[in-house]
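Structure first, commentary second.
Letters are used for the chains, namely A, B and C, taken in the order the chains are written, and counting of residues starts over at 1 for each.
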Amino acid sequence: MTLPIQSSVAAETGNPSIEPGPQEGVDVEVSLESLSQWQLALRRFLRHRMALVGLAVFSAIILIAIIGPIVAPYNPLDIPGARLEGGDPPSLQHLFGTDDAGRDVFTNVINGAHISLAVGLFSTLIAGIIGVIVGAIAGAAGGFTDNLLMRIVDVTFAVPLLFLILVAAVFFGQGSMIALILVFGLLQWGLIARLVRAQFLSLRETDFVEAARAVGVSNLRITFRHILPNALGPVIVVLTLLMASNIVLEAFVSFLNFGIAPTEATWGNALSNSQGAMEDGNWWWAFFPGMAIALTVISINFIGDGLHDALDPRARL
Amino acid sequence: MTQYIIRRLLQAIPVVFLISVICFFLMLLAPGGPQAQFNQNRFVTQEQVTVWLQHWCLVRNPGPLDILREYGGWLGVWNCQGGSLLSAHGMPNFLPAFLGGGDNGMLHGDWGISIYLNQPVLTVILGRLPVTLLLMTTAWIIWLTLALILGVIAAVRRYSLFDQSVTLFSYTFYSLPTFWLGLMLIEVFAVSLHWFPSQLIESPRISPGPFASAIWWQAFWTNPGLYGWDVAMHLVLPVTTLVAVSVAGDSRFVRSAMLESLNQDYVRTARAKGLGEGRVIFRHAFRNALLPLITNGALEVAFLFSGAIVTETIFSLQGMGYLFYQGLLAHDYFLLMGIVLIGSILVVFFNLVADVAYAVADPRIRYN
Amino acid sequence: MSTVVDLNGESPAAEGRTVGPPPAADVLLEVRGLKTYFHVMDGTVAAVDGVDFQLKRGETLGLVGESGCGKSVTSLTIMRLVDIPPGEIVAGEVWFDGREILSLPMAEMRKIRGADMSMIFQEPMTSLNPVFTVGNQIAEAVKAHRPVSNREAWNRGVEMLAAVGIPAPERRAKQYPHELSGGMRQRVMIAMALSCDPKLVIADEPTTALDVTIQAQILELIKAMQERTGAALLLITHDLAVVAETVQRMAVMYAGKIVETGTAEDVLLDPKHPYTQGLITSIPSNVPRGQRLNVIRGTVPNPFRMPAGCRFEPRCPLVFEPCRDFDPPLRTTDLDRRAACWLHYPPSERPTVSDVAVPSAPVRTERVGKR
């Protein structure tokens, strides 16, 4: 019995196997494979419920950071004096209460948002840019360059990073926001560099890079067209988480009075001011700025979680 | 293996050296300088200041070359008294004293003076170690146990209500700033409820002296219940703060390590053999999940010694973390250098311990 | 779907199930209407969608199909090793040795697994636990089912290693999986699977991960061990050559269903289903030198959008009227031969009453090409 099966591709296979071989470009149905990698990632992200909630909350926080100072009910520079010695507890006039000088905590939280977010965002960007460059150079160049760069990264890993950040913040930061951003960024790129390098090393061995090399694509082009975009997925996830941790770090450094000048409204400074107040039972000084930090960080972490699920190459179906 | 360890230890030397350079220059290049700090300390006489400045070859408004000299003095390569690389005996200064080397600097066991406390750095650090170790090991044991239990159950009962609760809990606490949690605990349990003390490690009214001092130990042995209980009560809130935050991160880590392991083919093989679920989970899956946990755990040990800066500060516990905070406030150069150096050595050392432990636990890895 | 990982020994399928009558006594394994679905992020995948087959005592059966056709999931379902969730055994019965095992409590099922029914997996590298010695892992299987001492279990392990042709078994037993070659590791897996004298051995692509030179040796070993122990063998493979050499009967699977069964000889020499025909004509050695190789055009259907009718319809060169709307059940064509294709139904039994048009392949190709 002969069958009218159309032969289309001459495949040389070692043994009589019926694994789907190279097929002619006939797509029977619109399949998942016809979507690009980024479209797929977007689809998966949109299906991640907690990540969407995180995104919504975080967008709201950014919006508040931008328009907040305009709509804030009180002028942050007003010091009207509080009715009670330790500040007024939350009321209808002051939703989050006031501090001992009568400054509205709600206004403070809203005004603190943009500095806290800016420090988190820009320090992470700096760490990300340096990390990607160093990691890409190390991963693409290999050999001596790779060795040297990775030893430098090792150093940044051997330091109790928090100690060094604090030392740098105290001796160099001296209350400046830009200095603080630089300190965070310049001391934290090691992790990113290591990640990018690892990605490069594993992607270099993949079939599509082999294929590109086989058809004579230049090394530079392979690095930037083929490897880098594929290496970015995990990097984006880690950068998201790093941004969350940098927002906490800013609050932490400011809380210890080594961060941004106490005259500026940041969440960390608001908490720092509240240290004595806690012992007097004036919980609202610290509670609301802390909640603002927690909410921001949780929402970013959820976004990071969604990105992780969306960009993880192993989760590809 | 021995060879591997030796090689790693040798590799660690330049790393620690580089860190000390970075830290030293970071501090001394900044405006101010040690002399200003010496002058601010009213317990220090002018003669002492002169002696120290000479001993450490510190100068006012140092240029880059001066800082290099100061660093050499701190390290013990430079002979500050003689102003050269040679010791008073005419030998290279970095050699040990019995070989004719100098007597100043780290290499000769001289960690310098804490300007702020007017005591040798090493004495100060050793004095703060008991509180930190007590606080951190207590917290570490509790959080590790909790993280293991929660993480393993969450992984085994993946997507169950329990798993989702643990996830929610860990996300929340992982995102909370430690200091904020500490402040809230103080507010609720110390200020409002008066259940636990919020400051210090011992009650001044009860304790005859600072925790772990000779007088304290003497009193402790006469009445362990009273003094032990006193310290335990003081530990509750700081330990809770540390545990809550650390369990959050570590339980996620245990969970993902365990999930990774449960998804492996050999777990399916173990089930296919007809083994009970308990044996599959603990003998086959958990044994493999332990490998990444070992690395994580060893690195955490490194940080047990350096203490918890925020927790110790909030609760006024006289440990390493609080010491570092005080040192930062006072720009206490040699003290900060000492702490950073100890911290770095510990991190490097426990990195090595982690790798060796990993090799012992995983038959696939053999270092040559 | 409330059950998470089964720790309590409760069967997820046990409640309120009614099962049919047991099969004849000489039937060791009978699978009836088995459906295993997976609920994943992007929807539900019907990995196994109504599978029926039988395996007599001591018989060898090959389950053949492309990757993703559900053959591995079928075997994992029989072993009750499918993770629930995301998997779900939606329907069906599995009769093993006179018992319906999908209804068994997990504790009972564990007594069967590894003892009466055991499995050899595809990847010997990852299927052995890297942190235990191989002797230890075989002994563990023995200890799980036999009341023996550790010493006896270990000795049984060494004995089994010798039986599967591993030289110096005492020394090898003390080694870790990574210290053995791929072929050695697969021998260890076979030794482990046979250590408790099972009645059924399921081998899931046992040679796929191995070097070509080793494959034949391992197949020989499996065949020899099967003959020596008299166990029935369910061999799962995508490799028709393996089937031809190893088994008596075979079943061809496509997209979650069995499309053809019969003796290996009959099916390979005279395939009834267009899919099987396509498979066989695409074997390179069947095509004269210089001539283009036959391939089955198109791809396996998207698991989320299965064709409404016959699952092979979009790719079938012989497609005609009923195929698009009606899925053909298996039908006995000859003695001990069954195929699921409307071509083998008399016109009166085809679901649409109409003229049976002879399909015109070129038109068909054009249509597919436009999509």
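Methods note: a contact is a pair of C-beta atoms (placed from the backbone, for glycine too) under 8 Å apart; a residue touches a chain by one contact, two chains touch by 3 or more.
Being a predicted model, the structure only gives us computed values, none of them experimental.
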Label of the chain whose CA centroid is most distant from the centroid of subunit A: C
Distance-to-centre winner among chains (Cα means, whole assembly as reference): A
Chain pair, A-B or B-C, that carries the greater number of C-beta contacts: A-B
Intercentroid distance (Cα basis), subunit C paired with subunit A, Å: 45
Approximate Å spacing (C-alpha centroids) for the pair subunit A, subunit B: 27
Centre-of-Cα separation between subunit C and subunit B, whole angstrom: 56
Parts of subunit A lying in touch with subunit B, wherever the complex brings them together: 151, 154-155, 157-160, 162-164, 166-168, 170-172, 244, 248, 251-252, 255-258, 271, 274-275, 278-281, 283, 286-287, 290, 293-294, 297-298, 301-302
In the complex, subunit B residues that touch subunit C: 156-160, 264-266, 268-277, 284, 287-288, 361-364
Subunit C residues touching subunit B - in the complex, by the definition given at the top: 4-7, 79, 81, 85, 106, 110-115, 118-119, 121, 123, 126-132, 140-141, 144-145, 176, 178, 189, 192
Subunit A partner contacts - residues on subunit B that touch it in the complex: 12, 14-16, 18-19, 22-23, 26-27, 29-30, 171-172, 174-180, 183-184, 186-187, 190-192, 198, 302-303, 306, 309-310, 313-314, 324-325, 328-329, 331, 336, 339-340, 343-344, 346-348, 351
